[in-house]
Structures are given as structure tokens and as C-alpha cells.
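In what follows, chain A forms one complex with chain B and a second complex with chain C.
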Partner chain A sequence: MIEYPEIDRYADLDSILHKFDPRAKIVSFLTLIFSIVLIPDLKVALMAFTFSVFILALSKLPLSFVFKYLKWVTMFVLSIFTILALTFPGEKTSFYFISLSKDGIYSGALISIRAIAATMLVFPMIGTMRFDETIKALYMLRIPNSLVQMLMFTYRYIFVFADEFHRMLTAMESKGFKLKTNLYSFAVIGRAIGMLFVKSYERAERVYQAMLSRGYTGNPKTIADFKMDAKDFFLATLIIFFAIFLHLMK
Partner chain B sequence: MKAVVVRNLSYVYPDGTKALEGVNIEIEKGEKVAIVGPNGAGKTTLLLHLNGIIRNKNVEIFGKNIENMSREEIVKNIGIVFQDPDDQLFMPTVFDDVAFGPINLGFDKEEVKRRVEKALSMVGLLNSINKCPHHLSFGEKKKASLAAVLSIEPKILVLDEPTANLDPKSRAELIDVIKKLNESGVTILIATHDINALPEIADRVYVLNKKIIAEGSPREIFSNTKLLKENNLEVPEIFKLFEVLRCFGYNCDELPLSIDEAIEHLTKTVETEGGHIHLHIHEHTHDDIEKVKRKYNHHL
Partner chain C sequence: MVHISDGILSFQVLAFGWIVTLLLIALTLWWSKRKGSIAEKIPKLSVVTAAFFVASLIHIPVGPTSVHLILNGLVGIMLGTLSYPAIFIGLILQAFLFGHGGVTVIGINAMDMGIPALIAYSIFRIRQSPLFGAIAGGVAVTLAVLLTAAVLLTLGESYVWVVRALIIYHIPIIVIESLIAASVVAFLSKVKPELLGGGK
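Here is the complex of A and B:
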């Protein structure tokens, strides 16, 4: 079987963040993420980083699960860090025989730490609830309907398409096709992807027919039983205060 | 009262494929009717006309032309379960899917929940209410997509190949649900080529192959070998078995179509023939068996 990239694999754990009301969670975490991305100072960024680690620990999500995704972000920002350190103009310092820019190191570190701290928060935000709850929360937060529908269908059908593509590959392999990095392989895969587009188009048509048959009029409406209580308000307020606090420090 | 009337319906797809030609169908309220026909016969195309997904003036539901009905009115009267459950289950969870119809029809939250629970318990899926569809087995997906239509509580239920590709247990369970619904007064129309299930799920059969080729009880249809051959249709295995038994001297005028009928027939024969069944090989047996085999072998 193929491994699906399931962000909500650990949605059934039990933690204070799993119990956090989805809407309050999304609003407060997005505020915090936004605030972290705008931090101008390295010391404050380090503080935010510490806070992110703390939040991640609260979520009880397995670290291996988080690092599987986070390592790509880390690799990306480290490469930016390296480039900045090597090329930024201004006062130089030397590390063995390499000449590095002091401002470059500072900006590089600031960017890296902000990015990692912010990305790290995505996991306790959407990894602690089922993805359908995330969608419902967005729906209830009055995010434009077309956006919510798009997310909803993407989430539902990405697995169907993954299966379909996998079946197609299996069928091709059973007829002796081997995936190599040559032109022939690319041509075959290209055709398979073309087929997948046609199939998707036909499926979309059938899905739409099924929706009409059940009274669809343009807005998929859902019911969600979210209840905000004092604890949710408290937690959300705390996180948003911290987000503001990060910018009051100097 | 007629639940469904289709009058002189023809349809050509935009690419020129002739799918239906002058189809006439009448279904009484409370009946269970099957439409059988080979692949590409136009079964699915016909069903798409019944609730106006393909617009037309040829279909009447409870005496009213669907052309003059609002979408809401159509949806409340006639529910269609399509063949591929992945097309039917488009919401993030089973609950959302089954609630989709009732919410669209404007029921309040409590009523929506009541209907969702009722529909899911009917198909035995209440435990999976919060699962997302891609975590369900194929059989469960089929049941969930049936529940998603049942929650609308339509007066007429239309199913496209409900038993295709199901394992025996899920198939039996699904047939059971369909029978129960019919007993509770729902009019049933099933497009299928699952011939073995037919005697159980249909009182009356239409044979469709672009046109309506024949109409009658399952027994009438299965007794017409020429008709079956011309339209690439199978015959229930039980039916064939008893035809073979007849070659061995088993006395049987009305061939049974289902296990239940077979049990009934065997019991009656044993009772009237003094406690046992007498089979033997006589001079024509081998010729007769050859004839039966040839009759049902489409490849010859």
C-alpha cells in the first residue's frame, strides 16, 4: 500500500490542545504564527522558538512525526542561512579560512529561527484535530465558501486519486514497465498522468451529479458541534497575548 | 397509483452515442422492479433521466412531470444511489455525507441528526459515523452511500448496480436492507446485471438494450432463452442446476429461481414421492445435458 501524507494521523491523542475548540485554536495559532514571522529581533525570535517547542510538547504529538515534515523546512532555511552568511555585505568575520558576514549570520539566524518556530506551530494547530474538523472550523469562521469547498474536495479525493494512480502504476508494472529516468519512462508516466486527468474530469462530473441528486444548491452546509467554554477563551487569550507581547519587547 | 412513468424516452449523447430509443416504463407505487441489460445498454443513462440530472419532459413521478417540479420536490420523492461509492461520498466524514441531503432540504439540526442515525443504523454503519470515507472497505462505502440517500427518506429508491463487486456477506446484507425498505412501502427500482440476486429484489423485470426488449416476471424472463442469448444475459445458477436435474428425471415444471424456492420445491417433491428423490440416467440424459450446456454457453 502507499503511505498517505496524513497530517491528522494523531488526531485521536488526548492533550489540552486536542481538547481546544477548533475555531479558537485556528484563530489564536494563526495570530501567533503571523506574529512570529514578523519578529525583528533575534533574542525575541529565540523566545518564540522556545514557546513553540513548549506548545509542541503540550500537543503530545510524536516528535518523529513532526520531524519527518519539519526536516525539509529546516534544510531549506539552513541553505538560506548559508547563502546569507556567505554573501551578505558589511562587516566580516572569519571562520577558519572562510570569510563570513556578521549581518548575514544575524539575518540568516533570525529568518531560520522564525521560520522553524512558525512552522513548528502548524503541527499542534492542525495535527491535533481531524482534518474535517479543521475544515468545519474554517467554514464556521466564515472563510469564503469556495475556498472551504476546494479544501474539502481536495482532502476527500486526494486519496482516491492516489489510489487510482497507484493502481495504474501497478497495472503498468505488471505489463513489464520499469520506472527509470529515461525519456521513455517520462513519456509513459506523462500519458498515465493524462489519463488520470481525464478520469478526474469524469469523476468530477459524476460527483456533481450525485450532489445534485441529494439537493445540492451551491453551498455545502455542514453541522459542527463546537462549543467554546471558559477554558477555550482563556487558552486563546493567553496565546494571542503572547503573540502581541512578542512585539512589545525591545 | 403510478410512482414512475417514463414515456417514449430517447437519448443521444453529445458525441453521437445512441443510448436510449423510445423507452417506456411504468412502475406502481410499492413495487420492486429491476432493469437488466448488458454493459452499455443504457441503464445508467436511463437513471440519470429519472431525477432530471439529464433534463427531459418524458418522466412523471407520482403523476407529475419532473419538468414542472423543483429540485427539492424531486429529491424528496426520488433518491438515486449511483454505482461508484467514491462518487457518492464526497464529504469529509460519513456523518457529513449522510447529513448532506437532509441539510440541503432545510431540516433543523435535531432532525438531521435523527435521520443520520436512523439511516446509518439501517445499513449497520452507526459505528463508522465519524470515519472518513477512505478508511471504509468497499462494502462499507456501498452501505454508506445507500445511507446517504436513505436519510432523505425518499418515496422511490433507485439503485445502480447495488450488488456489483461486493463480497457475499455485504451483498446479502444490502439485499436484505433493500427488501426491508420495500416492505415498509418504498418503491424500488434497481439497475443490475446480478442475475442471481434478481428473484429476491424484483417482482418485475424490464430487459433494456437501448430499447425495452421485454417485460415480465423474473420467471418469464429467464424462461425465454432466445431473449437472454440475444441480450447477453445470464440465468441464475439455481435455475440451471434444476434444469440439469430435470435431465436426470427430476420432475419439475416450474424451475426454482432462488435457494428459497429450491428448498420449497425439493421438500414438496420428497414429501410427494414417498420420502426420497429419484434421479436416474436414461437414454436421453446425456443428450439433454449437452443441450442444456449448449443453451447457456454464450461462447459457442
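Here is the complex of A and C:
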């Protein structure tokens, strides 16, 4: 019922992107993502899409894994595409009995391709390293300490609470509870959520005391073992160059 | 889902979202630093953020389909001013762990969900009762939907139908969210009242 975040499930594969320095990977991929979402032209967007597919292939991540997570963005942009194609003002073209707007199809397609191409890059970026390496890279990139720590703690506790809530639901279902669309169900699920907060809060207290007793000061000390070499600089420059190139095309 | 995905908004809107969000994060963190060390709050804040993240993954059946809870009103009720950074962190994790929402739109999505959370907090502070919990929860989702609608309308009049579909889709969610907010508030005020009203 509740899915685990499994983004780094394939972090131990071996590919060029798995060997890419995390800091260089984050900076260059984010540049590329920001560049892709701002492409004004459909042809350039298709080129960026091809490049994203190429990067994805380089990462050797299983396609079924990526498709599972691309479902959301695809559904979102396809519904926008459909609405725009049907309702966009301007020149119409007819498709069997339905009249579609040419401009609507164009801008819907542009949006969809940009969205999927950009989201697809999240997986070669984050899915090719363990999440703790991502966190360490963010820390070394001088993202404010308090935000990096919140990301790290929140990520860890998602697994704990997914399990916790799952146990609570199993207990409820074993007593005959079924989640339906009625007031009673909402009241029960509300109390279950409330219980999750009480448990999480009490756990937070204990964890914080335990951390204090181990010398926690709020400033984590990370042992940095990332090394940038010529190959990392080359790959990062290549990706950033492509990101700029997308906006120089006419 | 009131998240906008990548690839839709213009540069100006994306930049505006990031600027507002970064300013509000700096402001809310500074505000809570005034009342004591932030280092002490981070583990607690993160644990509650994770609980919200998990709660928003629950599928609630609505007729033949199912919806996810947004819970931004409850985040506001429980975390107070710190709800803004909590929502920001939640959105980053959703974008990077599940590909939900988008990377470039984190700023604008945080604004659309975080500002209503802050408003829900100020509504709940008037009176800490299940009724005001329900109002705060419902208002937070309604405002989030309206802000998202306003953001989509910056793209031009051709998005009117997208906005209508968005609003219609969210009407049942608004009702469910306020019922669940009332139930959570009623439960917490009996079991652990110190969790309500922005915490200590």
C-alpha cells in the first residue's frame, strides 16, 4: 500500500555515470535539467529527449525501474496535452469527428517532451549513487547545513515510518477495517495518522537524546573521499556544453 | 495533486518561485533560531516531515479512483512557521525519490503549498479545536489549488480548461482533507496536545 523510495536500488551497478564524481554529476545534470525545461522549440526538445534517452542508456539502469517512476509525470503532461489539443484557440484540424487545435497539439507536445526528457534525467543523476553519497555531495557543494541535515534525517525516517504505518494498517485490517469512501473511514484513518505523529514525535525525542549523548552538535563531520579527475571534468563540461548548446540552436 | 511538473512553466515564473521560496526559508529558519538553537529542532522537524511524507503516500479511495492526501494544512497546524522548510524538503524528496512534481518547479510548488500552510497555522491559532482544524485543513488545500491555478494561468488564456479540470479534480480532496484534519486534531488534542499549534 505504501511504496518505499528505492531510488538508489541500482547504485551498485557499474557504468560511466556510476563512476562520475557525485558533485560534478549533480551540478552538470541540474544545469541540463534547467536548460531542457526552457527549450522554446519542438525540434530542439526532441533532440534533448534523444540525449536524455542516451544518458539513461549509459547509466545501465533497468528500464522497468525508470518507467515505473516516469508514470506520474507522463500522466500529468498527457492530461494537459489532451486538454490543450481540444480547447486551445486558433486554427483547427479535424481528426475523425473531433476537432483539434494545431497550436494546442504543438504546445502540448513541446510541454510533454520537455517534461519527460527532464524528469528522465533524475534517475541517471540520483539513481547511480547511494543516497548518502548524494547527501555528502550536497554538503560539499555548500548547500546550507540545516537543509542538508533535514534531507538526510527525513530520508532515513521515511523507511521507518513506512514500516510503522504498514504495521498499523495490517493491525487495523486484521480487525476488519476496510478503507472506503465514508465518514467512518476518514475518522479512523485520521486517528491512525495522528498516532503516526505521536509515535514519530516520541521517537524523535529519544533519537535526539541519543544523538546528544554521542556528541551531536548539529555540524556533521563527513569524511570526504570524492576525487575529481580529468574524466569527471571532461564529462561535466560536455553535459554543461550540451545544455548551453540547446539554447544556441535556431 | 497540486504539483506542477517540469517543462511547463516559463523562466520568469520558475525564477520567481525560487526567489520567494529561498527568502521564506531563510526567514522562517531565522525566526525559529531566535527562539533557541536550530540544531536541536532539526532532528524533530525531520522526523515529523518524514511522517507527513509517509502519510501523503496513503491512497484514499474516492469512488472508482484513489487520491493522495496533501496534508499541507496539518503540516502548518503542527509545525507552525517551520512548515515552510518542511514542505520544501518534502518536495525535494518527492522529486528526487519518485519523480513526482519536478526539479525546476520545487520553488514554485513550495510556494503553492507552503504559503497556505502558514495561513492554516494562523487560522488554527485563533482556536485550537477540531472545527478550526477542519477549516484550516480545507482552506490550506483550497488555497494551494487556487495558487496552482494562478500559476498555470500565467501561461495564458489557453490554460483555462486545464485550470477548470484541476479545480474540479480537487473538490473531493478538499472535503476529505478537512475531515481528516478534524479527526487528527481531535485525536492529538486528547493524546498529545503539545504537538498542536506550532510546537515548542
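The definition used in the following text is that the second predicted complex is superposed on the first by the 242 of 250 C-alpha atoms of A that agree within 3 Å, B and C clash if a C-alpha of one lies under 4 Å from a C-alpha of the other, contacts with A are read in each partner's own complex, and residues count from 1 in each chain.
Basically, a residue touches a chain if its C-beta (ideal position, glycine included) is under 8 Å from a C-beta of that chain, and two chains touch if they have at least 3 such contacts.
Quick caveat, the model's predicted, so the values are computed rather than measured.
Peer 1: Considering only touches as defined above, state whether A:F186 meets chain B (first), chain C (second), both or neither.
Peer 2: Second partner only, chain C.
Peer 1: Touching A:V207, do we find chain B (first), chain C (second), both, or neither?
Peer 2: It touches chain B and chain C both.
Peer 1: When the two structures are overlaid on chain A, which partner does A:I36 contact: first (chain B), second (chain C), both, or neither?
Peer 2: A:I36: touches chain C, not chain B.
Peer 1: Could you say whether A:D132 touches chain B, chain C, both of them, or neither, answering first, second, both or neither?
Peer 2: The answer is first: A:D132 touches chain B but not chain C.
Peer 1: On the A-aligned overlay, A:V160 touches which partner chain: chain B = first, chain C = second, or both, or neither?
Peer 2: both
Peer 1: Touch test for A:T93: chain B only (first), chain C only (second), both, or neither?
Peer 2: After superposition on chain A, A:T93 lies in contact with neither partner.
Peer 1: May I ask you to decide whether A:T217 touches chain B, chain C, both, or neither, giving the answer as first, second, both or neither?
Peer 2: both
Peer 1: Could you let me know whether more residues of chain A are touched by chain B or by chain C?
Peer 2: C
Peer 1: Looking at chain A, which of its residues have contacts with both chain B and chain C?
Peer 2: Shared contact residues on chain A (touching chain B in one complex, chain C in the other): 152-153, 155-157, 160, 203, 207, 211, 216-217.
Peer 1: What residues of chain A sit close enough to touch chain B in their complex?
Peer 2: 130-132, 135-136, 152-153, 155-157, 159-160, 163, 203, 206-207, 209-217, 220-223
Peer 1: Inside the complex, what are the residues of chain A that reach chain C?
Peer 2: 1-3, 5, 7, 30, 33-34, 36-38, 69-70, 72-73, 76-77, 79-80, 83-84, 86-89, 103-104, 107, 111-119, 122-123, 126, 134, 146-147, 149-158, 160-162, 164-165, 179-181, 183, 186-191, 193-198, 200-201, 203-205, 207-208, 211, 216-219
Peer 1: Flag every residue of chain C that touches chain A in the complex, lowest number first.
Peer 2: Answer in residue numbers: 1, 5-11, 14, 25, 29, 37-40, 42-51, 53-55, 57-63, 74, 78, 85-86, 88-90, 92-93, 95-100, 102-104, 157-162, 165, 176, 179-184, 186-188, 191-192, 195.
Peer 1: Touching chain A in the complex: which residues of chain B?
Peer 2: Residues 48, 51, 53, 71-72, 75, 79-80, 82, 84, 86-93, 96, 99-101, 103-105, 109, 112-113, 130, 132-134, 148-149, 152 of chain B touch chain A in their complex.
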